[in-house]
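We just call them A, B, C, D, E and F in the order they show up, numbering each chain from 1.
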Amino acid sequence: MRSKYQEFLREDIGSGDITSELVIPVDLRAVGRITCKEPCVLAGAQDAAEVFKELGAKAIKRLEDGTRVRKGQVVLEVTGSARSLLAGERLALNLIMRMSGIATLTDDLVRKCRRVNPKVRVAATRKTTPGFREFEKRAVILGGGDPHRYGLDDAVLIKNNHIRLAGGVREALKRAKRGSFTKKIEIEVEDAEEAMAALDGGADIIMLDNFTPAAARKIAAELRRIRRNVLIEVSGGISPDNIEDYASAVDIISLGWLTHSCKSKDFSMKIERI
Amino acid sequence: MRSKYQEFLREDIGSGDITSELVIPVDLRAVGRITCKEPCVLAGAQDAAEVFKELGAKAIKRLEDGTRVRKGQVVLEVTGSARSLLAGERLALNLIMRMSGIATLTDDLVRKCRRVNPKVRVAATRKTTPGFREFEKRAVILGGGDPHRYGLDDAVLIKNNHIRLAGGVREALKRAKRGSFTKKIEIEVEDAEEAMAALDGGADIIMLDNFTPAAARKIAAELRRIRRNVLIEVSGGISPDNIEDYASAVDIISLGWLTHSCKSKDFSMKIERI
Amino acid sequence: MRSKYQEFLREDIGSGDITSELVIPVDLRAVGRITCKEPCVLAGAQDAAEVFKELGAKAIKRLEDGTRVRKGQVVLEVTGSARSLLAGERLALNLIMRMSGIATLTDDLVRKCRRVNPKVRVAATRKTTPGFREFEKRAVILGGGDPHRYGLDDAVLIKNNHIRLAGGVREALKRAKRGSFTKKIEIEVEDAEEAMAALDGGADIIMLDNFTPAAARKIAAELRRIRRNVLIEVSGGISPDNIEDYASAVDIISLGWLTHSCKSKDFSMKIERI
Amino acid sequence: MRSKYQEFLREDIGSGDITSELVIPVDLRAVGRITCKEPCVLAGAQDAAEVFKELGAKAIKRLEDGTRVRKGQVVLEVTGSARSLLAGERLALNLIMRMSGIATLTDDLVRKCRRVNPKVRVAATRKTTPGFREFEKRAVILGGGDPHRYGLDDAVLIKNNHIRLAGGVREALKRAKRGSFTKKIEIEVEDAEEAMAALDGGADIIMLDNFTPAAARKIAAELRRIRRNVLIEVSGGISPDNIEDYASAVDIISLGWLTHSCKSKDFSMKIERI
Amino acid sequence: MRSKYQEFLREDIGSGDITSELVIPVDLRAVGRITCKEPCVLAGAQDAAEVFKELGAKAIKRLEDGTRVRKGQVVLEVTGSARSLLAGERLALNLIMRMSGIATLTDDLVRKCRRVNPKVRVAATRKTTPGFREFEKRAVILGGGDPHRYGLDDAVLIKNNHIRLAGGVREALKRAKRGSFTKKIEIEVEDAEEAMAALDGGADIIMLDNFTPAAARKIAAELRRIRRNVLIEVSGGISPDNIEDYASAVDIISLGWLTHSCKSKDFSMKIERI
Amino acid sequence: MRSKYQEFLREDIGSGDITSELVIPVDLRAVGRITCKEPCVLAGAQDAAEVFKELGAKAIKRLEDGTRVRKGQVVLEVTGSARSLLAGERLALNLIMRMSGIATLTDDLVRKCRRVNPKVRVAATRKTTPGFREFEKRAVILGGGDPHRYGLDDAVLIKNNHIRLAGGVREALKRAKRGSFTKKIEIEVEDAEEAMAALDGGADIIMLDNFTPAAARKIAAELRRIRRNVLIEVSGGISPDNIEDYASAVDIISLGWLTHSCKSKDFSMKIERI
């Protein structure tokens, strides 16, 4: 089940690490330490450890994924041939930097929203980097967020395009009901009328697309009056700047920002002879 | 040579697009248009076209990658079965949004720096998303930047860890010289003394790591006095905020920011029956 | 997205179809017809067509998957080089024979059960042939059955082993509730007490494991009295012989028999020169 | 050489075992025992052991593949993290249940036929589940059967379609003789005349297709009178019900039933904390 | 079934053909002609054509594989984007040059040996380039040779190491007889005594390992006296220089030289604008 | 990173080593020794060791790759199950025989040329066996040669076809200069005029294509007079017979012969019970 790391290593190493093959003796052993350069929620340390294992080196986690890390703390210590450490360095750092960026931002937004509504969920979307989704979803979970769907095979999610092509909310939901009983049915709505049709059609989750906080609150209240336990999600146009405004209105706030516009956190790796 | 798109589609589709299989008739034909939602330099439209071709749909580019796009412009038009359009929608948008984000930021920084020094190059690094590097490098090129090394097999680049393990700049360069004559040799230096040793050792490119603009300018002048055509690169701690300050001092400015901390550009796709 | 057929062809062809390479001229063109040898619900004809396309031949479906077929009817007609037809023959037949076997049995059981309870669902399990699940699930759907989970990433399904390891139904459900809101939660229970705990713990679906029809009916009635819309599934020890007895008691009947003990339906392919 | 198990695991696990990730602590260790639920010839235990090894657990076989197993006997004992045991459980059982079903049926038919003719071979065909052939052939061997060809690259087997396209038995055999001397040549014949032509053309093995037992016996005697050591196989329309009738007439009886219409044997796995 | 060409292209192209991407306009169309530079038996032209098809170009064979080609003759003509022609050029030439080298040498040796014994076969071995065997075996066939086994799954071939480990020729053959009736059994012997034991044990083919021509002739005569149609192969220490001496003594002469020590034939490709 | 060995093993083993499965008990343990049969420079021993590791056996190198080996010396000793040794034997020998052939020839030519010019480099080309390039390049390096480009993504190399299509040396070089600063630019020239234009256009390396030794010497002198440190390579029509004549004239001599027309060195493996 480790082929993803092999694929990533092949991307970086290609036909060989020509610098290390020239500059570093084949039998030189070394220790490497990955250090945090700015405060964050750690993610990807487990993945970095797997990378080095894949290369025959031994990695010990000094800190666990999901914990708060301070600048200067060592998160991973790796022992092995110097060449293997150099071969894995960049990939390991890329994993940790990017995943910690996502975990930290998720954690920030979850805290912000939970201060307003302790039960609200902050969720990711499918707006992830192609080929890297499982890592980005994992980072969201480590930051306390909800991964939402991993792919099109996960839950039924009827979006605007589906509704338009199917000829309306009611017809789309009627068709979706023929699917497996194991799946939830979610539907994206654009106004109050569609939302009411969605409730009536038996949707498990209603996603309010591009609603203002006030509009979301109003329709959510109406929907809950009719079916108390319907799940209400808001999405579209949500950023770190306005997310708090939605926190008290709905059950779930989902935003692509977590994975498509997040800054990495800085880490570095120092390698020394043993 | 199209397997990367297949891998990305498999990630998103998994065992099947259960929503469309339920809601959309198998023989419904449709047209989809991808529209730009904020001004940017377009990248990924060619890739999006390949995604739809992979799914048996026909894609026509309305605008070419590398061009400036305004809000509201249609960049790609796709015709095919409604299910195939829905299956490719998210991946196509993820490619365009992320790649256009990188191309636009690169273009901005290149313009900024070229105003100061028309010959300077803005280069990416290997701080890319694992598994997605070729797309991110391509976006950098479309934005007018330099891709720098694609991987460890590309050019010889002796970094701090190599120098420490090899026992100094001179020794590391001596060993590197045994490599193939087809490769350039670059070395990362931390101070003026190392820079001089690098020049003396015959490095083709000298990378100043974490130098202030003033320090970079000073050492660059000295190096060029001795070998006129040595290439000088600066890297480390460079962001969109301070990049201009380096533009007049060196030949190349490289920064991970282009690929690890870039915001996506917004695009959407509307699908309608034919 | 066609790699599965390539993998299957490689399994059968290996380093080459040595018989055809010796016996059949490279430029001989032929037509092949796949004929049904016993009444059944057709499945796999689309897949067989893909196999021949993969080999450069042209396949025309004479009958659609999911329809009832009589002995002697031609279901697929293929034109191409004689060698390509011979190379795909066995795989095409293996797909159709096995999938039609599953679709037919499913259809039989669905009809039987629906006579008793028009709303009951007959569902498959994960007891499928390794590597061939997507085809077996598809055959179940073509026979009118429910595919149930495609894999462990699909819905949360807490089984006996989970309950034992987690320390009871309540604790297991409490932990499961932390999962993504997009997933349904199903739990397998072994007696009335566990069933009640499951209902109380908020399970979406309660699976009665190895209950007699009478016991299933009794507990189902009690559960529905408390929560009207809870879904009740029965599983374990169900075969074509006793399935009807459960039809009026529950919402879903799942059985591994559909995929692990089903007989194939007979088809043959005759190839002639054009 | 273990990629097949990885592929099967990926099919079942997909983006992750979401139930265990929620319900089972990451560091909980457990022991699992796979127990036989109905008498059979065991097959697949070695494969099940490989599955768990792939997942980092330790598997000890309590009984060897190919031996007779009684209801209630433990065949495999696995120790490892509870999550890894749960991740491999279904695949391991699917392998053992299906392979033991095939091995048991093969063993039954071999015993039945050998009582009549101690030298007769019961052979499988290429009517296997796509992607799973090597496992089904292995199960046939464990049951005492002959695997026959693994694929089209194995031995030369001239079938009806080849004969028709080549213009007759004699011409087809003449062409086949040009093949490598390392391969046997088998040919399928439909009547006595074709059988004689096949013998005359130098076939190593003559397969009587859809002959009655009496007809098979008659032509076999004639063929052996001419060439004592020619191998005679019968195939087509053979099932567990009529197989004995052919046992005294021929050298080999081949039937698709072994792999395409065989019922699985029941096994279960109980997992407990250590 | 074209994945091998894709793998080869990936090996040569890696992350991109950087020269053509810089130097050749993306829309420039061109025609390329592959010309023979020294007389040979052509092989690999079909493979070269597949390479260009894989790259979206159109290839027309001017001469067929297996024919004698003179210096200066064009064997393949390709039309397409200039970049695609340049991307496939080296791989196409590598295939043709190497395969034509093997086909030509095989043809030479077959002619030489057939002058002495018109029925003798010249066969290859498994001493092929790892990963490239199917192409080398194909080239041998195009040159009129016999491919011998493609791999360990092909025919039973008991070699010295097997005999030593099994405890002698007789025991090894006895065990081998338990294998599938579809396979021939070949055994390698080192002296007359082993050869007699092999005949007695029922081997289909007896391979004389490292025999002089005289010794081979003597033992072959004795073996044939006992079993007229036994196949006799000689192998070990055979080169283009001494092969003729064996031609009259045995049925098959196999030599690794065909694939492990063969010189390539020279071809070149000229590409011009259309 | 070991998938290449797995791919090679799959090529040779296919659906199974049927001989060993029949003849060799599953639990028989053995030791195997790979012995050199003719003097050579050893290469591929490390790869052979990896092959056996892949099969679960333990390999100990008795001699290191790159060293001179005498006839009769043992280079590798392997311990493990007899079946695993037999499964890896042929592949291991194929790797060592071919790679040692290349390393030895390279070493011979390097010595020959260095006697004339101690600084000259002997380089390989991209005329390698498809799919096996990394091993052949490695063998060249072990023999003291230069690998030259691994693929089209390595360095910019403008060849005749590029020049013709681009409209001349100057234009081609101008375009190439837009590429990444990390790459060297090499250009192939056919006469003195083109060579001068190449120098003028700023090429890092000038490759003289099909020059006589005298012509190469003359133009090299002229080029160096203008730019002292320009690298000059000669290629085309070079064989072991004429290579020395070029040694004093240029910096690099590249020839396809090293990889496309090299004879293997003989090695054998003897396996015995422990």
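Simple rule for what comes next: contacts are C-beta pairs under 8 Å (C-beta built on N, C-alpha and C of every residue); 3 or more make two chains touch, one makes a residue touch a chain.
Here the structure is a predicted model, which is why all the values come from computation and not from measurement.
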Target chain E, source chain B, minimum contact steps: 1
Minimum number of chain-to-chain contact steps, chain C to chain F: 1
Equivalent interface to B-E, taken from C-E, A-C or C-F so that over half of the residue contact pairs match: C-E
Chain A-chain F separation of Cα centroids, rounded to whole Å: 45
Approximate Å spacing (C-alpha centroids) for the pair chain B, chain F: 32
Approximate Å spacing (C-alpha centroids) for the pair chain B, chain D: 52
Centroid distance [mean C-alpha coordinates] between chain F and chain E, Å: 22
Of all residues in chain D, the ones touching two or more other chains: 13-16, 134, 150-151, 153-154, 180, 183
Partner chain E, residues of chain C touching it in the complex: 6, 9-10, 13-16, 54-55
Touching residues (chain side chain D, partner chain E) in the complex: 121, 123, 146-150, 153-155, 180-184, 186, 205, 231, 233, 251-252
Chain B to chain E touching residues, read off their complex: 1, 3, 134, 137, 150-151, 153
Partner chain A, residues of chain B touching it in the complex: 4, 7-8, 11-20, 22-24, 28, 30, 32, 82, 85-87, 89-91, 93-95, 97-98, 101, 126-133, 135, 150-154, 156-159, 161-162, 164-166, 172, 175-176, 178-180, 183, 256, 260-264, 269-273
Residues on chain F engaged by chain C in the complex (per definition of touch): 14-15
